[in-house]
Structure formats: C-alpha cells, structure tokens
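Chain nomenclature is as follows: A, B, C and D, assigned in order of appearance, with residue numbering initiated at 1 for each chain independently.
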C-alpha cells in the first residue's frame, strides 16, 4: 500500500474521536497523580496527546492484561461446562490512541511471540479488534534510547494511523488498510498533507535522533556476541548486590510477557475460573516446582535471565532483540539499574 | 480457530497403583472426535486439568498401541496431583495436547537404542518401548537400563517379562530389600553389564537431574557422539505452548522445543543445566 | 456415575486469640455475608469472641491470632497444636511476634515492672513453640487472602503466599513511586498480597507483611543513602536480625 | 460460708478478662476485674520512634476501636507541634470515627449482647431465630466499615489519617457513593435499634460519676473539654490533675480513679447523660417512643445509649457528607516541620473517653508517652457495680455468674486496649 499522508486540525481530531466513540471504546493517555497512564477515555477533555516520554505501564496491558480470565467453568455431577472468555473479546472494538513509537514497536515484537506455531487467541483477538493510533514524540526524556534499538523515534509498521503534531494540526500517516477505512467516512475533517508538513515531520524526527544520539551507546541489535561472551562477567555479581528482586522492571517492560496460570474456584467447588496473571522472572517462585526446587536460585541468574532474554534469547527465538529503548525499567528501578549502563560497560570492555 | 487454552473433556477410564505414591491413569476423551484426533509421539506430554485445582504437565506413558485411550503415570506431589489421586473411575478431567517434541523416532530407525530411565523418568520412555515392540524389525539392538530408589519404586514391573522378550532389560535399585536379588546402586552401575557401539546407538534418557548429569558424562566417556545423546528435561510449565516463559532455559522453551532435546542443543545453553552433564 | 468432585465433610474449626489487638478476627468478622457463607461449610466449635464454645477433642483447623507473651500463652498454644491438624498463624503478631508492625527487632525478654506483677516483657511468634502450617501475614490480615486460604483448606488445595513484592503491586496500580519522592518506602523488600494499599493511599509501605523472598535489605539501605533519604533505624535493626538468623 | 465466684475469660467481649466476686456470709466483700492478657508495653516501644510511626503503632492497641486510637494519636502529635489542620480533613476524620463507632456498637450490641437477651450462646444461634435481623445488622455493619475503608484506605487500622491531615483526599465519587447508600441504611437502622430497645435487661441502678467530652453544641468525638455529671469541667491537657492511676496486683491493666478516689464511668451512657440535648431529633423520637428519659443510672442503659448513638451518628454522617459534597475542592493537608513539644488529645472512643499524650524532641521523635483507655477508666466502676449487683442478686437467682457476665458486658469492655499499658515511674 502506498503511504498516505493527511492533515487534521486539533479540533477536528476531537470531533473525529467523538464520532468514533459511538462505535469504539477509546483508550488513551491521561494524567493520574503525577503519571501519564493509558486508560479508558470517557471524557475527551482528559485526553493528553502530547506527553513527555511514555506511560507508566505500557500498552501491553490492553492485549495481555495484568490478570485475565481465560475461561470459566461449571462443575456438574457428571459434566463440566466451559465458557470461553474469547467470545466476549470478539465483540469489543477499541481505539488505542496516543501510543508512542517505541510502544508500537513493542507490540510488533509481542506479535512475533504470540502468533507463531501456536496462536494466543486472546492476544490476537485483541490485536485484531484494536485500532492503533500512534503519536510521535515532541521531546525525549533522559531515559529514552529508542534510536539504539531501532524502534523510534519513527516506526514503519504496526500502527493504523500515526499522528505528528505540526503547529496546531496533526500530520496523519495512514499505516494500514484498517486505518484508511476508519477515516474514509470522515473525509470532510481531513485535508491532503502538503509536502512541507511531511518535511516538518522529518525535521522533527531528525532533531530527536540527534538528541538521543548524544548518548554513547552501541546498537543493541549488535550486542549478541558480546553478551554471549560475557555471561560470566563480574558485572552480574555487582548487579546482584543492587537488585532488590522486586520485579517492577518486568511489569513495566512493554516486551516482558511471562505469566502464571492458576484456577480460582468458589467454596462449593462448582464455579471455577482459569486465570493468568503477569509474573516476573525476578521472583524465586517463577521457577519453583512441586518438589520445592528453584531453577534460578541465585539473584544473579535471574537478572541475567531478563537482560539476556532481551538481547540474546529473543534473537534466537523470534529473530529480533526485545528491547525497544523505552527506558521504563530504568525509570522505575529503585536500585537504579540501567540496561544502558550494562550494555555500555560490556561493549566498552571489547 | 480452536482456542488452544481450553482443555478437552476426558474421563478417567481406569487406574492402577504402581507404587504407594504413583498411579497410572487411563484417560479417554469424552468426545469421539477428540479420540480420533489424538495422535502422539513417544516423549510428548499433555496438560491435565483437574477442574477447580489447576493444570499440570504430564508425559504420556502409554497408549501408543491403544485405539481409544492413553496412559499417564503420575506421582502425588501437590495440589493437582493430589486432587487427581482423590478421583474415581469415571471422573472428568481436562486434557490439552499432545504437546512438545518427542523422542527422535525418525533418527532412531535402523539404529541400536539405549534407553536409560531413573525413577518416574521411565514414564515418557515407556511409549518408546511399546513402539519398538510394534515395529521391532525397524531397530537394531535395544537395551533398557532402569533404576529406582527401592524395589517398591520400580514402575511397570508387570511388563518387565514381556519387555525382556524383545529387548535387553537391566534393572538396579539404590537400596534393596529381602526380596531383591538384582543389582544395587545408581543406574550408572549397569554400564558394566552392557555392550554398545556408541556410533550406531542412540541413547535416550530421562530421570532426576543428578542422574542425567552422570549418565551423560558416562555416555561421553564411552564414546557416544553428542548428537546421539537425547534427554527429556523438566521445568515448571504452565501454558505448554511457548508463551508463559516459565520453562525457558537460556531462552529455549522446554515445552515447545522439548521436552526432548539432543545433547548438542542443550550443550550450548548459557545457563548451567546439571541434567546435561555440565 | 460416581461423584468425582466431592467435598469432604465439614472440618472442625477453632479461632483463638493470644495477646493481640484482635484486629485480625475483626477482619474475619468484617467479611460479613462471606463469613456466613464460610460458616455453612465449617463447624466452628471454638471462638471466644463470638461466644462459641462447644465440646470437642480434635480440631481440623485452628486459626491463631496474637503473639505469646506469657508462660500461660505458651502452654495454650502448645495445647492448641496438640489438638489440631492444621495450624494457621493469623497476622503479624502470630507470624513474627508483631516485630514487623511494631518495628521492634531488638526487644525481647525485656526486664520491666509490669502490672499484674510480671517482670519480663516478651512477645514471641507462635512458631517459636509449635509448628505452623500456614502463615497469613500483615497487620491486619487481608480479608481476601483469608478467604483464599479457607477455600484452599476446604478444597484440599495447597495455599501459596503471594509471590509479588509490595513494590510490584504498587506499579500495577500505576502509582507514583514514593522513594522517587524521597520517602523511605519498604515496598521493594516487603512481601506483597496487600495490593500495595499503603503506597496506593500515598503512604510509605511500613513492611507489616514481613520480608519478601530473597529481600535485599543492604541494597535498599544503600538506595536510601544514595538518594539522601534518612535510613530509618528499624531498617538497620532488621538487617541485624536477618544476619543473626543466617 | 465463704465463696468466690470466679468467671474465667468472659466470652463475647474484646480481649481476655476474668471477674471474681468474693462472698462471705451473704456479704459481698470485693469484686475484681482481672485483665489477664499480656501487657504490650506500647508506651515503651514508642520511645525513640518517629512521630509519624506513633499513630501506626498505637492504632494496633485495638482491632475494634483502631480508628479512634489512630485519630487520637494523630491529634496529640498535632497538638505537640501546634498544628492547625484543615477543616475538611477534620470532617473526614470525623466520618472515619463515626464509621468506627457504628461498627463497634453493632459488634457489641448485636454480636455480644443480643445473644444474652435471647438466651443463646452466640450470634450464630441468632441466625436461626431471627435471620432477617442478623442480615440487617450485617448490612449496616458493612456500611459503617465501608465508610472507614473508602475514606481511610483500609477497614481495620485505616491508613489515610496522618499528622497534618490526610494522606489523600477522598474522591467526590466516593462521597457520593456513601451518601447514596445512606438512606437505605437509615431505614435499616430502625429495626436494628428497636431490637435493643425491646430487649430485656436486668433491673439495676447505681448512680456514679459520668465523664465525657463536651462542647455545648454537639456530641463531640474528636474535640472538646472534659466534663463530669458532678460538675467538673477541664481542658484535656489538665487530665493528669484529675485522674489517678492504680496498679492492681491481680490485673495486667491499669485501673483509674478520680482524684477524690471515686470511681467513674465513661462511654455512650456518659456521653448521653452529659450531652443528651444535642441528640438528633430522630434519635430523640426513639426515647419518646419507648418512654425513656436521660440521665439514666443503670449500667445496662449503656446499651440503650449505644443504640441511640447509631441513629444519631447516621444523621450526623448525612450532615457532614452534604457539607463536603458541596465543596469545590477538599483541603486535606497542612505542611509542617516537626519540633519539640508536648501534646495531649482527648477523644471519645466507642467505649468512652480516650487520652493520648506525647512529648517529642526536636526531630519529632517520641521521648515520653502516656495513653489512658476508656476500659481502664471503667474497671473500678465495674467492680463497684459488681459488688452492688451481686448483693441485689443474692438469693434471687442461682445463676449469678451469668448475670455478672451481662453486667461486665454492658460496659463493652475492651481488654486489648486496657491491658496494653505500662509506664516506667
């Protein structure tokens, strides 16, 4: 499909969303206490499209929720009745607006995990039913490093529409047929994009790239061999003295997807639910088996699990690294553990 | 498209006690369609649901030669397994699978086979023995070495006589009793009883990590090329489809890429795995 | 066809209080309708607060709240243990002697003159004297967690304590971090299961649920120092306690 | 003939209390209220603690009246720091206190007392007799607990009240939700309170000193001066001049008397004996309906007073909510710097007058603490009532124990609170 650019004024965008909200549930960034969170937008005046950095919890929560009921069942005398929760999911239509390029990249990575030999139908159904309206950044925060993970400040795929603010309007890139169809009924709200708007976006991106590039870092995709070589580097021991095993980094990472599964049931042992919930490879329970054995007992091995998953295992598994340079883990880590520092140190050692 | 998270209903057709804490269950799907569709390779596993209690992975331990049911041999360990032990014949459970990659049957054809099992680790190896029985002419010499803690802990005793008719059977226990007349000691002691030509033999092993560690070392010592050594690994497992991340070792999913691995595959793992003689 | 999913008979249950504020029992009473529902599935034979005192020799489950502060209470907990199959420690008092809530990691066997003519102050966790099967931590216990435990006991499932840290529960509620704002929050080293109520209400985690698995106290102390947050004295005495236990 | 009536571990009260009455030749010699719980040396533990830890720890004195302990501690520290707390924060704290009072009263009246009136062992038996009533009580109790949880963050040991105000303001939607349920609760409360008025209590009267907070415009819970039915009137900070402490060898609680060695009573009855005229109209209607006049002089009337307070406080909740909902913004916190100071706060716990007193050093650390709980103040009065009550009963009943239990219970004692205290001389 040919890339297509349009422009829409800020006002018209709100109009458009108002109209779309009749058919779709709209989720987007808004302020809560000091944070930007992505949440249901009931009142469009709460929508904060231009925000610094990215939301606290990434949009993965809309595809792989922190806790999710997979199916419910009723235990009868000689039968079990099962209700697949997927059925309800299929009916939902959603628009996710205000998603940053790094997060769009992360969804592309999650797709590679959840759609392969087996399909995770919950994630895929939600992906199909959700329209992604991305937005490019205005400024960066000091933990952003998407340039080094090839996931920003501009993305090429994974969105239906991508907005870039140019003065009082938005340049809209149509990224998919779905995106095109969505706005085709509202032609009157859009105008064709003049060339200078497209150029303005390029300039914006360039200045962002320049800012981020001031960090001295290698491209993360090229770290594979260095990482493999340094599996027993002393840095891991040092980190294990700092890490609190709190698991926050996993929960905020847009590409961490591990989960736990368990059954919840009522007192009568009649009505039950199978539930999955986010888990963290930093917890001892993550690998504890019935005999009590834990496969990653040393804190060091658990830290390595996360970092190596991002930069090595992921490449083996899905062909790409799974860090998108969003910097969330750096922001939330109470111990100040910084994936960039780790990479920089190992890279410099070469 | 079918939702792979939803178990198919099945019935506990029958069960028999193997040891005081281990039981073999015969499982038959409720739905005829499901019975027809269910084909497994030796070494594969299923996810078994006891409704209200949860789901757990178990190797398929029998049924290759059966039309309408398969077998699982299960040790009572925790929530799911204990609930299963409280169930009676006719009770309904849920099954997902077969899942995972089994033993390398293709590669084994025409070769000699050395099967090494420890404790309940014999369970995923039993279908191989049954397969060999059905297709005896396709294999060379076949040797089974099987060890358990005590004579009481030996599984499938009632089949040993039959097996001995078509393969070599070597047994040992860690600690014998007055009835035991065979070998005493860990499984590796049996190596002095057998004769193998490592280059044309495929070794299949499953057992506790410590056993596999020493067996792998021994196999390598007597000249087994790495690519002839296979082992079945066990890790905490939830979804069984390569999503939940619980079973990964160095990024490899035991559920999806395994549970059966060639030694060449696990040898390169960055994480130490004692099972693999590292 | 036989019933496969069968519940066993009603277990005999006792609820006991040693020295405590009884807040954990109040939490149980606060379950209101849910408690009535639970009561239909158990045979409550002993509970002083509710005035229940039936005759029995054996119990299936004993819930014990409070810590051991006297010889008599020591005898009492031993007697309860003898009678019961499963013993559950309710709340920080029973689990740790109230150390995590009172932040008293060093007081034990203190010589003071107490009313009633006693001379030694002590507050011990019940597992100092008897084996405890399950722990419900926190001050007070979390109602939902209690229901989960009861369910697991009734249905013969293994109860598992929450694997999460308070910190990870806090981030799931999309809260702004209090350490980032300069407060000495114990969330990173505290066992979750409370859904991070304190940070959620804009107050630091005081650590009443005890240490999380593999808690890294040293690192937290360093973090506070690095950020110029005064290190609470109790964190240092907690560290001493952990080291002395090793 | 000499005999000692020993009642061990009185059931259906908060905490562990034994009660002994000694009778010789038909003369009642003494009655001892014996707290038998371990003494938690809170006042010692508090020393050296940071000011903000104080409310956390003192709240753990009692799982029933935790809310008021926390609020009192917070206020005492605020007084030590000379802090003015925003009006709105005080209103919300008052709602939390009210939630605490209603749930505590329901627990006492319906879980602890009512089984006596129906001659059954526990509320579990009541379910079979009057399921509907029990369900109503549970619903109202849940509502009062919800107030605490929604405004205070948790149901037991609420976390939101802090020195300086509140850790966070409630959302407007929260206030609206409470208000939404209030009307139903007011209706529900009527039969619940009726049940107490209709219950039969032993006939026994003895006039004593009744002491409660008073502000001459309401039934205060968090602020006011201390007044007695015998005309005393003083500021909370002067409490040490009026109350004296007695250690009894048989009890792990401290027992309190007035300076002139007289015993006194605190609690709902005292509150109403002193502040009756500020009771809301709806509550007063009940008095008319049942032909009851305050002041009342029977310890058993404490139950009636508690029942009336349920109605009164529900009405007050309505007023406060209306006030708060009308506001554009809720002012919930004042900044301050900790300093050296001496602060006393007197409040009304569900069981009566409660005093917290702290001295802090320059950094806001505690150097000295003293806490007087209502039950500790009531124990002496309870003993004297015990003597007189048994005297009146001698020869009239052969189950004196049971009747004495009822008397003790009517005080709604809380031994968890009372047995906590110790102070180095």
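Methods note: a contact is a pair of C-beta atoms (placed from the backbone, for glycine too) under 8 Å apart; a residue touches a chain by one contact, two chains touch by 3 or more.
All figures in this text were calculated on a predicted structure; none of them were measured in a lab.
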{"item": "Fewest touching-chain hops separating chain B from chain D", "value": "2"}
{"item": "Identity of the most central chain, Cα criterion", "value": "C"}
{"item": "Chain whose mean Cα position lies farthest from chain C", "value": "B"}
{"item": "Chain pair with the most C-beta contacts", "value": "C-D"}
{"item": "Chain A and chain B, separation of their C-alpha mean positions in angstrom", "value": "39"}
{"item": "Approximate Å spacing (C-alpha centroids) for the pair chain A, chain C", "value": "37"}
{"item": "Centroid distance [mean C-alpha coordinates] between chain D and chain C, Å", "value": "26"}
{"item": "Multi-chain contact sites of chain D, meaning residues that touch two or more partners", "value": "none"}
{"item": "Sequence positions of chain B contacting 2 or more other chains", "value": "51-54, 78, 90, 92"}
{"item": "Set of chain C residues in contact with two or more other chains", "value": "1, 4-5, 155"}
{"item": "Topology of the chain contact graph, where touching chains are joined (line, ring, star, complete, other)", "value": "other"}
{"item": "Touching pairs - complete list by chain label", "value": "A-B, A-C, B-C, C-D"}
{"item": "Partner chain C, residues of chain B touching it in the complex", "value": "12, 51-54, 78-79, 82-83, 86-92"}
{"item": "Chain D-touching residues of chain C, taken from the complex the two chains share", "value": "17-27, 29-30, 32-33, 36, 39, 44, 47-53, 67-70, 72-73, 98, 101-104, 107, 110, 112-118, 121, 123, 139-140, 143, 197-198, 200-203, 206, 232-233"}
{"item": "Complex contacts: residues of chain C adjacent to chain B", "value": "1-2, 4-6, 155-158"}
{"item": "For the chain A and chain B complex, residues of the former touching the latter", "value": "70-71, 73, 75, 78-80, 82, 84, 86, 113-114, 116-122, 228, 231, 257-263, 265, 269, 272, 274, 276, 279, 281, 286-291, 295-296, 301, 304-305, 308-309, 312-314, 316-317"}
{"item": "Residue numbers on chain D that touch chain C, as the complex places them", "value": "9, 11-12, 14-16, 35-41, 44-45, 48-50, 53, 56-57, 60-64, 66, 107, 111-112, 115, 121-124, 127, 135, 138-139, 141-142, 145, 153-157, 159-160, 162, 167-168, 247-254, 416, 419, 421-422, 424"}
